[in-house]
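Structures are listed in the sections that come next.
Heads up, the next two complexes both have chain A, just with different partners, chain B and then chain C.
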Partner chain A sequence: MLRFLLRRLAVALLVALTVLTLSFLLTRLSGDLAISIAGPNATQEDVDIIRRAYGLNRPLTQQYLDWLVRAVQGDFGDSFFFKDRVAKLIASRLPITMTLGLVGLAIALVVSLPLGIIAAVRENSWVDRSVMMVALIGQAMPSFWLGLILMVVLGLNLGWLPISGTGGWEYYVMPGIVLAFSAIPSLMRLTRSGMIEALSSDYIRTARAKGLSRLSILVKHGFRNAAIPVVSIAAVQLGFMLGGSIVIESVFAMHGVGYLAWESIGKNDFPVVQAVVLVLALLYIALTLLADMLNAVLDPRLRSA
Partner chain B sequence: MSALLEVQGLRVTFGGTAAVRGASLTVNKGETHCLVGESGCGKSVTSLAIMALLAKGGRREADVLSFAGQDIRGLNERQMSRLRGDRMAMIFQEPMTSLNPAYTVGSQMTEVLRRHRGASRVQAVDRAAELLGRVGITAPGLRLGQFPHQLSGGLRQRVMIAMALMCDPELLIADEPTTALDVTVQAQILRLLAGIQKDLGLGILLITHDLGVVARIADRVSVMYAGEVVESAPTAALFADPQHPYTRGLLACVPVPGKVKRGDPLGSIPGVVPRIPPGFRGCAFRDRCAYAHAECAGTIPRRGAGAGHEVLCTLPPGYASRVAA
Partner chain C sequence: MSEVILPGSGAGRRLLANTGFLLGALIVGAVLIVAILAPWISPHDPFAIDLTRRLVPPVFMEGGTPLNLLGTDQLGRDYLSRLIYGARISMVIGISTVIVSGLIGTTIGVLGGFYGGRVDDAVMFAITARLSIPVVLVALAVAGLMGTSFLLVILILGLLLWDRFAVVARSTTMQLRNLDYVSAAWCAGSSHSSVLLKEILPNIATHLAVVATLEMALAILLEAALSFLGLGVPAPLPSWGLMISEAKEYMFFTPWVILVPGIALFVLVLGVNLLGDALRDMLGTDLNR
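Right after this comes the complex of A and B.
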């Protein structure tokens, strides 16, 4: 168990370092930063001042090491546009994005797990086919479009939920549904196929031969084994949701990290963009690690591997 | 002796294919009944049909299917689940995959007693440890906390047997419990089953294709061919005086030290178990039978051949010696 954890942790750290390096390189490769910060009307003198002020005249390796040391300490420098510490900006926006992602994931799981299990139990029946049809439609629907439809129906016509903005729980419902919709198809398919495999296994026959209740057979013995791939994909989907929040937060005007990124891209505020990309990537790595650990709890064979 | 399990005219179909075509057998209380036959003859399906554990798409019908005097044909899944694991238990051919990889041995054993007897955790753990000891597992306390992948095949099958005994069942169905194990372990498991049967006095229906096993532990043998029980007899009678040409063929396939000379060809039955088309009449063995004649295509009578000895064949007793003469 300890060896498994240490190995996963080492891999996660390596990936994190790669992400740090890439996010540094991407901003430097996209052109001369001093010129883009200075803007189209700046003179050569302005550009030189900016270059010195931001330390962009130093060798690239020195810039990289300096940046790395500070990034590891959580210091991403100052925002050009918001005139504030980048770390502080992100810290203030992150809870909104995280809440949104978790709401989305919760809705997705609540919908997809039972439907996937039902589809597996009633394999090849009309129930199964209609559930899979819904999954197909969900997969084909663009999320911003679904967001607009929900705004019109739930927000304008029925007046049940606020259309946009940041606030109490009711502001998270509609964007949560939209985020969930993109995750539901894959989670449902995986639950279904995992359950079909589990239900045809010998240990399910044993569970039935032991006279266990239907619930115990399906959930305790069946789903426990089907859940292992589902946990991995759920972590990936939550990562997508956090990344995809750039679109959803813009559509619903929620002032989370995604909205911050969207604003910063428009303003050429590269320290913020760089830090948002970095934070989302690190979150993604953390989620994958969490999923690995959850799987080790679910599958005893992984622990001794 | 009274019948614990009575099966008459059991028919199982998967889609259009008949897997069992009117099989009949009786397991008495405290008796070990062996069901033998080649691969694909319907032994396993018969046992699963009795337990109502057929895979999806399997349909079961029977003229009589009673357990301890109760007609179990009409029981629904919920009612059957009350019997299974409690009064009738089953162990399977595949010890490697029959235990759930996600739960400890202890968790899987105790849930049986907790489900059927409402036992407390402590009671169930005590019972599980006691039974692990009973099936010859040393350090039961250690094993209870282990996961299936930490145990060998032989240990897993012992765990399966112990798990089946949790509620002191009246009937134990064992579907080729030793096939997947190596030879030394096979002998241990069989000795164990025989010992348990003697001590606990439960009825065992043992499915096997190994006649050596049958000779050692069966009280009674039923021979199955192409979905039918073609011959049923007390073990001694079957080995001494096999009636059905198929039974004779099976017995000729087993080398007996002292009887079969070194270098003599071992017996075999030409051909394979045929696929039986729907609406098939007559004896399914007739294409492989050296004694087949016109009547074999008609309805086959069930005739007696001594005490408790029945055979499904048109040939008269003693046909073999007469043909040979």
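Right after this comes the complex of A and C.
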């Protein structure tokens, strides 16, 4: 168990280092940064000034090591556009993205767990088929388009929710629903297949033979076993949702880190862009690590391994 | 070849797989034909601007005319013609991305699964690292720095979406590696490349085909999202994502402007996914797990 965790932690650290390197390369390999920052109307002189000011005239390895040492300490430099520390900017925007991600995950779980269980209990019935149809529809739905439709229907026509912006809980409902749609198909399929497997197992037959109630069998014996992979996939899905929130934040004008990144991409504000890429990647790495640990804790069969 | 297992779990399931397959094939086939025949079947030039006839509603709505069956956009361009040409963009992006990412992912995955040991460790690490990178964000950042172009979208998506190919190619290769017919090929004196290309690859091809449909659907959705955010296929190309983005300003007054390209996108992706699901059911494997 301890060896497994240590090995897993080492891999996570190595992946984090790789992502650090990639997020640096991302901005350097895609062209001359000084020219990108200076804009189309800049003279050679402007470009030289920018190159010196941001240390872009130094050797690439030196720039890389400098970025690495600072980034490890949580220092991502200054934003060109916002005239502020990048770390501070991200810290102020991150709670919005995290809240959005958690709301999305909560909605996804509330929808997919019951539907997945019902589909498994009534396997191959019309209920099962309708649930699988819902999964297919969710998979095919373009998230930004669903967002716009909700804005027109719930925001304008029915007037139930604010159309866009950042604010109280009501601003998180529509983006949360849209974000949930991306996680519902896989969570639902996994719950369903896990439950089908659990319900056909010997311990369920034993429980039935003991004369336990149907509900008790479903929840205590069936779902507890089916939930193990669902918990870890939910953590991973949260990571994907945080990474994908850039689209939804831009649609709903929510000022989270995704929106920050989108604004910064448009303004060639590369310190912000590479920092957001890094932060979202690190969050994903942390969440998958958490998922593996949860798995080990929840599943006694893994504990002795 | 014993890998191919026919569905044996009830007639209902088989029927469902078949109707799904038929529907999927119908949708994808229709979009493919429309995309190929675009210049001959589109009623107007998709780029022709007519500012005197802006936002004309579709023919089935009040004020519509048979001249523009699906109405016109904010610049007076025929919506149906743009939609037809947009099918080309989605199909080309979907297929090209799958070719690029399929080549990368299959190569990496087969090598990892076949050689195991250190090679496999490296492959697993590459997959883990790739999964931790937020795709949309990185794609947007690269497009923002390098400028938008059709080819760049294919390259970015192709270089980012190889992970599932690698995962599936790796695990299926592992299952085949020690089977008798592969050992027989070794004994017969086949070279490494010959075993890989002639024995392994043909036998994992069906599994890769399922992945290809899933990735194609994902690539089409991602291209639309990138174009919607202004960093995908550049205007005035009629990408469906770009059409939704351009129509967004008018959606509160004339909601059909976002409905038309959105429904097209949804139906195409649904069709590709239906094909993939039917294929997976026929194979009797569950790649989601």
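Quick note on the criterion: the second predicted complex is superposed on the first by the 305 of 305 C-alpha atoms of A that agree within 3 Å, B and C clash if a C-alpha of one lies under 4 Å from a C-alpha of the other, contacts with A are read in each partner's own complex, and residues count from 1 in each chain.
Note that in this section a contact is a pair of C-beta atoms (placed from the backbone, for glycine too) under 8 Å apart; a residue touches a chain by one contact, two chains touch by 3 or more.
These figures come from a predicted structure and were not determined experimentally.
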* Asked: Given the superposition on chain A, are chain B and chain C in a clash or a fit?
  -> fit
* **Touched partner set for A:Leu187, first chain B, second chain C, both or neither** => neither
* Asked: Just chain B (first), just chain C (second), both, or neither: which does A:Ile149 touch?
  -> second
* After lining up the shared chain so the two structures overlap, which partner does A:Val273 touch, if you call chain B first and chain C second: first, second, both or neither? -> second
* Is A:Leu238 touching the first partner chain B, the second partner chain C, both, or neither of them? -> neither
* Would you sort A:Val111 into first (chain B), second (chain C), both or neither based on which partner it touches? => neither
* Which partner, chain B or chain C, touches the larger number of chain A residues? -> C
* Please work out whether A:Leu212 is in contact with chain B alone, chain C alone, both, or neither, and reply first, second, both or neither. => first
* Asked: In the superposed arrangement, which partner chain does A:Ala140 touch: chain B (first), chain C (second), both, or neither?
  -> second
* chain B versus chain C as contact partner of A:Trp262, first or second or both or neither -> second
* In the superposed arrangement, does A:Ile248 touch chain B (first), chain C (second), both or neither? -> neither
* Structure fact -> Smallest Cα to Cα distance in angstrom from chain B to chain C after superposition equals 12
* **Touching both chain C and chain B, counted on chain A across the two superposed complexes** => none
* Asked: Which chain A residues qualify as touching chain B in the complex?
  -> 123, 200-203, 205-214, 216, 221, 224-225, 298-301, 304
* Structure fact -> The answer for chain C against chain A in the complex is residues 9-10, 12-13, 16, 125, 128-129, 131-138, 140-142, 144-146, 217, 221, 224-225, 228-229, 231, 241, 244, 248, 251-252, 255, 258-259, 262, 265-267, 269-270, 273-274, 277, 286, 288-289
* Structure fact -> Per the touch rule above, chain A residues touching chain C in the complex are 11, 14-15, 18-19, 22, 26-27, 30-31, 33, 36, 124, 129, 136-137, 139-145, 148-149, 151-152, 156, 186, 189-190, 193, 229, 239, 242-244, 246-247, 250, 258, 261-262, 265-266, 268, 270, 273-274, 276-277, 280-281, 284-285, 288
* **Contacting residues of chain B [partner chain A, same complex]** => 51, 53, 55-56, 77-78, 80-86, 89-90, 92, 94, 97-104, 111-112, 115-116, 147, 149-150, 160, 163
